[in-house]
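Shared chain: chain A. Partners: chain B in the first complex, chain C in the second.
Up next, the complex of A and B:
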């Protein structure tokens, strides 16, 4: 699932806003890793522009077939392993967490939401660009609030790890 | 009038056009010719196309070679998209960074005490992660640790460095007891603790720690450690069926019918005790055992013994049974025959059997 619904936050002022990933949930869950067929490879690619006016970060520039090759997964859990337990529960919980975090820290995201599970702890981490300095206290409150609420909902220890960046342009990996 | 005037006008126009065309043609043709001749003359002096240098010599500072992060891929002509202006250059960032304010002789175990996702400000290492195809992507450099999501994704072992392990081992050392001196080798362990119980613990993420696969208990024991006599040993093997492995002489009991591991362990112990006492009990009908019921071939109870004693009586003229059995050729024949039945018909076994028969019948071969 993609949290960068407004990717134009990533773009520098000179470039025109990106049209990427505007349909958030569906595209990322329906891709197939069968790279032999062109239609599957085309699924997650943005259209190439002549003047390279779309800016992409690392996550976006490595397309779906590169998962597990040059970029890794956004959810790390044991359910995806062979004979893993709680596949349905884990994916449903991930959906809930992503929706919740996206609404709670709205407009701050500079990256995808990463969910790493280990034993009974859930580590949620993402990069954030705070609009101004007054948002620091707000973010601290939101972290505590989200941790408390999610741990009550999921019956797990939830830890939220927010890392801030200086500028949106720091994330730009290439132009497309 | 009109026609004439028209013709003359047309003629004049044609002429003018012609001259113009000729002039321009000549001039352009001459020009090109001039340039072409010039270029043909100076062809050898034209600078050759630059060859790509894959391994150029590294710079040296104070006798140390400087590591080239660009891996010789850097070209001076091209650069990253100029429209993307980075407002905070790295030097400016580094001034406020925590990793630059850390003392050199700090205790790393206090900085990173437990497992946690990667924090770029707390790690004083110039780590980079990411794949770069060419110069267009990120100036040809793998992305640095600042604002690098890939580094946060992967599991790190910064909480498991050698100082960490040393510290933790030192903390739990007071709870450990020394290894008993009597148990020096594996054989000593097997002799004193013949029963071996194997269980598996499964860990996974989720709110619960229970796993139903952890209930399975495997109990293994060597039959020689039970000190059973031959009859009860055979009976135990018959009762155990495929749970007994003759190659390693081990009995394996796997129990998984109860919901918890402890219950399964108790059940496995119960099975072992019942097997032991059942095989020790001798029922009345067990004396009626025939040659077909035997697990292995036994010459003493077979029909082969009668036949051999008959032939010995004719050849050696020995009437006494025990005396005949203790003869050397009879003993070798007995061993070789039971080998063929118990171990199978191999080349050596058959050759030995043939030799023993020849000895027994006193036949001399050329």
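Up next, the complex of A and C:
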């Protein structure tokens, strides 16, 4: 579901290779960022405040047009490649996982949920901010519980990697 | 035949025999049974083409470096690395859920490719190499393997 790459416009210039970029990563992507059109874009972009009161982390500060340039995807699988299999099933499974994880670790999230598929293993990882120290044991229980239940539902090995942060301000990349 | 086997087993029991002798005896023992000899022959691959596909070109570039390093360390003949042209699947759909025909959005899924061509591998080398390469495959990267095997001509051709 997140593997859809959003392209800026319908203009034919989209495919034109960009010569000006010298960075090796950037030359691989032939994006033509048209500033006129970016101005009108509102998707994934919060409303700009005068006092810069909105704090964004790194992922949030890369808006939709940067997907595939400096921002990557939240789901990593081979379904949507050429001759990929189980496209709908993989997307539906990802949705289920996201909903389930969101409900299980409710109010702890400090980042997006990343889902990576490799062989028969699903790796789920996210950053968490625990309310207080007594939540450590609860989180360990929840990780085991979610792994067990998800692996029964999806019939494959599920691993959950949680990384905790001390303060939410640690992640602030940019104020907007 | 039994006599030879008896001698071999006696020799093997002794501690003081050289490696060359053991080699000689083990070879002569295989000659007794022609089926066993055929079974021990390894496959020969003239060409093994490994194609990897991914959405992110940078990931594939990194994986290419890994494969190059691996083939160098294992002393495998990595003949050629090709980069076929990418494939783009496009969907042009309405921006809104319903109506507003004039406002469209285009979404696309890109598939980038890398092809590694290995030459002149034995069966066991090929298995080891592929095992190692596949275990280190990053997420979101698919692999297709095409092997070209060398075989003997069928009997009706020989006659």
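In this section, the second predicted complex is superposed on the first by the 136 of 176 C-alpha atoms of A that agree within 3 Å, B and C clash if a C-alpha of one lies under 4 Å from a C-alpha of the other, contacts with A are read in each partner's own complex, and residues count from 1 in each chain.
In the analysis below, contacts are C-beta pairs under 8 Å (C-beta built on N, C-alpha and C of every residue); 3 or more make two chains touch, one makes a residue touch a chain.
These numbers were taken from a predicted model, which means no experiment stands behind them.
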item: Comparison of chain B and chain C by chain A residues contacted; value: B
item: Contacts of A:98 with chain B and chain C, given as first, second, both or neither; value: neither
item: Which of chain B and chain C A:71 touches, first, second, both or neither; value: first
item: Touching partner for A:117 - first (chain B), second (chain C), both, neither; value: both
item: Touched partner set for A:80, first chain B, second chain C, both or neither; value: second
item: Which superposed partner A:156 touches (first chain B, second chain C, both, neither); value: first
item: Touching both chain C and chain B, counted on chain A across the two superposed complexes; value: 72-73, 76-78, 84, 116-118, 123
item: Touching residues on chain B, where the partner in the complex is chain A; value: 81, 83-88, 93, 115-117, 119-120, 130-131, 136-138, 143, 146-150, 152-155, 203-207, 209, 211
item: Interface residues, chain A side, partner chain C - complex; value: 3-7, 9-10, 25, 28-29, 68, 72-73, 76-78, 80-82, 84, 116-118, 123
item: Interfacial residue positions of chain A with respect to chain B in the complex; value: 12, 14-15, 52, 55, 58-59, 61-62, 69-74, 76-79, 84-86, 89-90, 110-112, 114, 116-120, 122-123, 125, 127, 154-156, 161, 163, 165-167, 169-175
item: Complex contact set, residues of chain C against chain A; value: 53-58, 61, 87, 89, 92, 104-111, 137-142
